[in-house]
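So, here's a batch of structures to check.
The two complexes that follow have subunit A in common; it is paired with subunit B in the first and with subunit C in the second.
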Partner chain A sequence: MRTAARVLALLLMLGVAAQADALRQAQGKQQASRATVLQRAQQELTSGRRVEAKRLLADAADRFRSVQALLLLSRVQSEDGDAAGALESLRKARRLAPNSEEVLSAFAQMSLAAGAPVPAVVTLDALKRMSPSVMQYHYLLGVALMRVGDRLNAVGALQAAEQLEPNRALTLLALGIAHNSLQQYAEAKSVLSRAVELDRGNADTLAALAEAEQGLGELEAASKHVQQVLAGAPQHATANLVAGLVAMDRSQYAEARAALERAVQTDPLLFKAHYQLSLACGRLGDEVAASRYLEQYGQTLRGVQKMIDELRMATGPMGTDSVRR
Partner chain B sequence: MTRGIAALLAFALAQGTASGNGGFRDVTRDAGVTFVHHAAPEKKFIVESMSGGVALFDYDNDGRLDIYFVDSLTVDTAGDPKQARSALYRNLGGFKFVDVTDKAGVGHPGWGMGVCTADVDADGWEDLYVTGLGGNALYRNNHDGTFSNVTERAGVTGGGWSAGCGFADYDRDGDLDLFVSRYVKVDLKQLPQFGRDKTCQYRGVPVQCGPRGLEGESDFLFRNEGNMRFTAVAAQAGVADPSGSFGLGVGWFDYNEDGWPDLFVANDSGANFLYLNQKNGTFKDVAFPMGVAVSQDGAEQGSMGVAVADFDNSGHFGILATNFSEEYNSLHRNEGQHFTDVSFKAKIGAISLPFVGWGTAFFDYDNDGFLDLIAVNGHVYPQLDKVKLGASAGYRQRKLLHHNRGDGTFEEVAAKFGDTMIEERVSRGLAIGDLDDDGRLDIVTNDLDGAPQIIRNEIADAGNWLLVRLKGRGVNTGAIGAVVTARAGSLVQKRLVQSGSSYISQEDKRLHFGLGKAEQVDSLEVLWPDGTTTAMKNVKVNQRIEIPQPQ
Partner chain C sequence: MHGLRHSVFFGVAVVSMIAIPPPAQAQEPVRTQPRADRRTVPEPPPNPLVDLDRTIVAAEAHLREGELQQAESLYRSAIFDAWMMLGQLHMAGGKMPDARHAFDRASRSIVDADAALQALAVVDLQSGRAADAVNVLTRVAGRHEKDGALQRLLAQALMADGQLQEAVQAFETARATDPKDPELAFLLGSAYLQVKKLDEAERLFAEVIKARPGPATDVLLGRTYRDAQQFDRARVVLRRALKADPKARRAHYYLGTIAILIEGTAGYEEAIREFKAELQLTPRDVLTNLRLGMALVEARRTPEALPYLEIARAMEPPPAEAFVYLGRSYLELNRASEAVEALRRALSLAGTMRSDDPLVGNIHYQLALALRQAGNEAEASTHFEQARRASYQRADSDRTSLSRFLSDKGDTSGGVLPLDSPLSSQTSEQRSAVERQLKATIARACMNLGVMHAQAQRFSRAAELFGEAAAVDPEFPQVQYSLGVAYFTAQQHEKATGPLTRALEADPGNVAIRRMLGLSWFHAENYAKAAELLETDPARESDPSLQFAYALALVRSDRAAAAQPIFDRLLAQHADSAELQVVLGQAHAHQGDYPAAIESLRRALQLKPTVAEANTTLGIIYLKQGRLPESREALRTELAAHPQDFRARQTLATVLDLEGNLDEALVVLRPLVRARPDFADGRYLFGKVLLAKGAAAEAVEELLAAVRLAPEDANAHYQLGQAYQKLGQSDLAEQQFTLFKQLKDKRR
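Up next, the complex of A and B:
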């Protein structure tokens, strides 16, 4: 379409009126038929005929090279759980409109949702430069950086998001989790306490706050918050992890073992829980279980490290945390 | 006029306080120490960023602590070993030192790393062991101010890239054996290219490669066969580390108090080792079940230095390991059956996160009866100053000085002591000792690619003290591995005689007790390495004593 517009402008400039008029008419017809197809797709969606809607949108995307159709198609694919298809539609949209903020934003968000944080990091870093005052880009970049293991830069991005839109509970939660992962427990507690004030019912926030409190040795407070979470979500991974850590601190190894086993059942990638579980079993005298959990810890750690190393290798300058770690 | 002088005097005193009166003073230049450590300014290769150690030992038996600094080469000067000159400084008293390196014959041309000392040949004179790249050296003390290199005859050359070392009588046959940790495999002709790929980058900036991505080296254990001859037994003893972890700091101590020396090895970018002595010439790594292998969240850390001490006066020896930046320095309390990571509860964890830690030691700098803690720092990448730092400190970093509050927590107080403690440097080795025998512990560092620091402890209101030198019977004349327990009122403190500690360094082997206001030590008990004990009652404070092991 852009090429057609450029040709039209060129023809007008050159004074070739007849050809310009013909081209203008053709373009108008194309726009009308594209609008019709999009409208039909919308109607199919409203009627619940999603397969037909997707077919129409794909057709419009192909025939008219329509970015709008591709954006809509990716949204529908995403809603249907087809993350790969949604990402592919957005890749096509990026090829058609490489500098469209709308397309880049959708692509970054979809990448994150589809578990592909590397392209999300690269795209969000570009978006952040294009529109430095948009809080959402900093926030999502922080989340994406956490996913690739670059916790330090994640904190920076999330702090920028917090400055642009202070007291947003989601940002504070992400920032608190990032601080916890860096063992900056005092900083984590500060932001997570604010997040709890803003969103009292959020189990993830309370669990993250409890983790910070446990890190600071405030076992009573940590225990209280953990119990609040577990009352509503008995399998909550972080809450069970913290419950286990608090019990370890109190030398209550049987309780620690039970809580940590619940934590790894919910989140098998939680290598911190596997490690502490091996210690708890060892201190209970169950050497067999201690060895088993130690082995599982090693496997989980190696798996997570491999994943992070691959992600770091794939990212650009943003994703390069300390190579020694 | 009088008022003017008084004002000037008050001003001078105030200045003194600000710069550490009642504190620490850098006396390096006044002491006559002119040693400068060598390393390439850009540190393009990992081998240029890890040296060097420092030793405090009395080489001439005049009762004063002397100082030995280890020097290193660079990739460019590697072909000319004499470009590196380690240095021995004789303590003349009054904080004056003189360079006696050439006379002593311990210039150690070559690529030096670490150092440890012990009376290896049981003649009552301290010998010197220096580790490095391409072979280590054992210098035998000739009792006349000179040393002889007896490495080859003794069979302790090692080879490869050795780092930490420490002597201990692991088999309890009476003589001193030697453990040597090694770091990564290095071929100076085929070094990994600076910044070659993303494994050699730090936040997008090209830096030296490693240790991740490079091959690690195994470790050595040399059993003393007597008559200054050793046999390499690491593999059969189970401490060879065939997987090639990146070994650095070393600490021999009997963690489970069964009378047999165990061994902690700090590994960079990997799990640490805690070798349990199985009393039959073999060891078993129990670091994971004991809880000292990794951080409390299960992450492998880049451990460099080691300090072992009864820091909480519990009667058990705990462990402090210094770590890479964004990894906390880990403090492990010994619970008797296992260790607990108390880094954050003790309030030393969070503040250490920005720093790359190296030399470290527990020492009671104010003689209040509670062991304080020091860690010296400095990054490995000079290029770091060109990048966004985030939470990290820069290439040059200040020291961390943690005052023990006596309640299980520490307070970081370096800034209270002025420039000497907070000046940003690139430190590596650290050794603590009483250089002027005034009962206040002094500090010596070896900095990478620069001058060292001799820091005099001038705390005016320090408490009472006792300095104990042990004289073992038999061949372990320095009583390495002995433990002394001092009771003074409600204070009960334990100290350990160690060879090799901190970051590839050697501390004063005399045992220092801060005693606060106690006017006597009610009882002093020595547990000798052979299991025998010596007890003393009502020992006067503020003195140096020597306790010989009964024959």
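Up next, the complex of A and C:
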């Protein structure tokens, strides 16, 4: 395509009008064929022939260096459960359009979905810098930072999202969870109460609110909210964690152990639950289980630290830790 | 890491910013020749503006193909490159705030913007904003731990920020990775000098001399010792340099500055001798000419000073002190008008300094004397006053300022950073021409990005980009119009009024702009302006919605009588319009005719049960009539259909408060104060209810916001006083009660 343009310019300069016309037509045809291939891919998709659609899109991406084709291909791959393929298509798109918001945003979200929060953070950090008024980038950055385990910076990003678009239940929930993870329970309760007002039926919000209440020693309120969640979702990780914590506070160690085991079954990365489980098992005299859970707790923490280190290598110190080396 | 060029040795420019950056990212602009051919054809010197044009052309080609992402990416690259070049231009012209702005904008343009961030840090360092530089560099250097130049720059920033120990640590870390690098040895030695570790410094400097023996190294060390106020050591190495090479550059110059720094006025004659010796070697050296001229003025040898100062004034960028001393010289020689001219120039060059800077005070003082000498007593007194405000004291001024210049204390970068730019050799006219081109490129790229966002229905984003285009080039074709339309469509009506006003000024006959501006004023609640603009709209008679807005604007700008015939006509044509009945109801309510208002509003609700504002208006009327339950129900119904109606929300909270239902009042108010933090009545009511609930600390926060937003609201002061009283802060409470009483008395 570009070669054709260069030759066309040269021919025009030389005054070779006939050849120039021919080339101009060839260029037009190429544009038309790119559009045709994309259109055909869309038709194949609509008809449910996804394999053929993907083939056409990959072909368009290769032949015409089309980012449009790569974005669509990535979406289809993602819908087909091919996260690795989707990410690879987006990587190719990034090489062609390294500063496109749409490509960057798609890449960050796909990375998050594929369980790769570090590249997501790096990309979202750049997006936030390039387009600071877009709430979604701050929110996703906060979520990605939470996934990495960088809770302090997650709070900052989520607060920025909340400022840009106040009273968004999802942001408030994420912010509440981040505050909980930092044991800032009063702040967590404040934002989660607002989230509950906005989205009363959300189990995650209620469970997070219960966690804040437990942290503040409001065990009755915490129990009430936990029961509400568990009635609809008996395996809910956070609700079971809080049920376990409340039981621990009440010295009901067997109940605590049962609830906490349900919590880690649902979410094996819930390191707080591992730690509490080790305590509960210790109290119950099961030292073997206690040390096993303690080891799992340590392992989870080390995994988190590894991700944070990886993140720092990629981004340099961020926000709250960027003041001094 | 593009954008940085490392010098061969550690002269003053250790890390020399900035060559014209290569294209920002992996996307290369279209080239006219294949790479292979370029081996045989001699390549012309690179012209960054041509590359920039190519990038824009390539972006536009992608746009035509429908490859929007590639187009956007290339536009962003072009914006980055253009801002980087603008930053360099401003640096070359000594316009540091503009350079900072340019690099900041560049850093927000693309993903990999480390070159811009580094440039930003360099500008910050050179502008005395070392802490900002440290913050930026800490992050960038953290991403590039093996980039020695960057680590050194960070260490230099830490030094300039007074974090000497951290700087030493940073240099030590860098040196550990490259222990044989004499440049690092020099820098670390300089850092040791600053923290008074003289032995360590001496040891490292000995390594430096061993690695690079010669007078040039001695001169550099002389300057470094001088900067660390180790004057004896400085003199030893500078004289050694001259012994080895009597023509060693700058040795005499530094010896001259040291004479003044040690001995003050007693050192002027020695300094003059040294500066003159330096000029024997380099007669046109502007800095030495400047310092010699300054020293001669101080030594009261003014006629002798003038030729040197005249040479110094040609410096690019011109230093303020050259004009200060020229002004003083002319003043002493009774050449008043020339003195005034020179000192005015000095004042404009010192424009970026703090107003209480002693140099600024000095300039005002000298200018005042010159103006008095020229017979302009009135203006002279203004400048005497400004000198007084800058706490300028004549007695200690001259020596202070001269010493400051000579010791380079004004150079907050610690003397290790460059002010170098490849554009510095261009004349200011050439720079202006390039600046215009670059700004046009940025505006063009931003406009196209804005259009892409607008086409994707992201009008707020479009407005941001049009706004950037307008800020860079307010005269760019269609930019004000596009910005106004984007704001208007994004329903940011207040913001739309500015650009639409400018667009209408440029095209006064444009009916569409006039209409949009009228409607923007309408939504921004400036009804008088809205009515004025809509009055002559030719489409009003045929467009009921426009007629409706016009009539409503008349009602709300206290011209209900003028609105009546329009409503009558509208009703005749659109008797079944619920919206029209609502406005009619509001017009009646505005005139205090509540029965007629209620009738219209009920009719509106019959026609359309969810029509906006009917129940709000009913709720307000019922509240005024003291019919609280009916008011409450009407307002709840309105909010169920239109939760964003803040008037309904605020009025409902008032009703609930009056009924003593504080919990629900808080629930109703919370989203309101979140969404409209600048709405004083909302903050007041929220604070009042919180106080009634016993949450005095939270109430104080809200009520403080309320009195800040509406300082004349007596009730807010009263409630704030109550809240303070509850918290036991009697003094603060008393202050608020006093304010409450004063405001009440004022109203009587």
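Operating definition for what follows: the second predicted complex is superposed on the first by the 261 of 325 C-alpha atoms of A that agree within 3 Å, B and C clash if a C-alpha of one lies under 4 Å from a C-alpha of the other, contacts with A are read in each partner's own complex, and residues count from 1 in each chain.
In this section, a residue touches a chain if its C-beta (ideal position, glycine included) is under 8 Å from a C-beta of that chain, and two chains touch if they have at least 3 such contacts.
Just so we're clear, the structure is a prediction, and the values are computed from it rather than from any experiment.
By the touch criterion defined above, A:His274 lies against subunit B but remains apart from subunit C after alignment on the C-alpha atoms of chain A.
By the touch criterion stated above, A:Leu182 is placed in contact with subunit B alone, subunit C being left untouched. In the superposition on chain A, contact of A:Leu141 is made with neither subunit B nor subunit C. When the two complexes are overlaid on their common chain A, residue A:Val242 makes contact with neither subunit B nor subunit C.
By the touch criterion defined above, A:Ala61 lies against neither subunit B nor subunit C after alignment on the C-alpha atoms of chain A. Contact with neither subunit B nor subunit C is seen for A:Val121 once the two complexes are overlaid on the shared chain.
Overlap of the subunit B and subunit C contact sets on subunit A: residues 312-313, 316-318, 322-325. Residues of subunit C touching subunit A in their complex: 24-27, 30-32, 61, 65-70, 72-73, 76-77, 107-113, 135, 138-143, 154, 163, 166, 170, 460-461, 464, 667, 670-671, 674-675. Residues of subunit B that touch subunit A in their complex: 198-204, 207, 211-213, 268-269, 288-289, 291, 294, 296-300, 302, 324-328, 337-338, 340, 344-345, 349-350, 353, 388, 390-392.
For subunit A in complex with subunit C, the touching residues are 2, 5-6, 9, 31, 34-35, 66-68, 71, 93, 95-104, 123, 126, 129-134, 166-167, 194, 197, 312-318, 322-325. On subunit A, the positions that touch subunit B within their shared complex are 151-153, 155-156, 182-186, 215-217, 249, 271-272, 274-276, 278-279, 282-283, 290, 294, 297, 301, 312-313, 316-318, 320-325.
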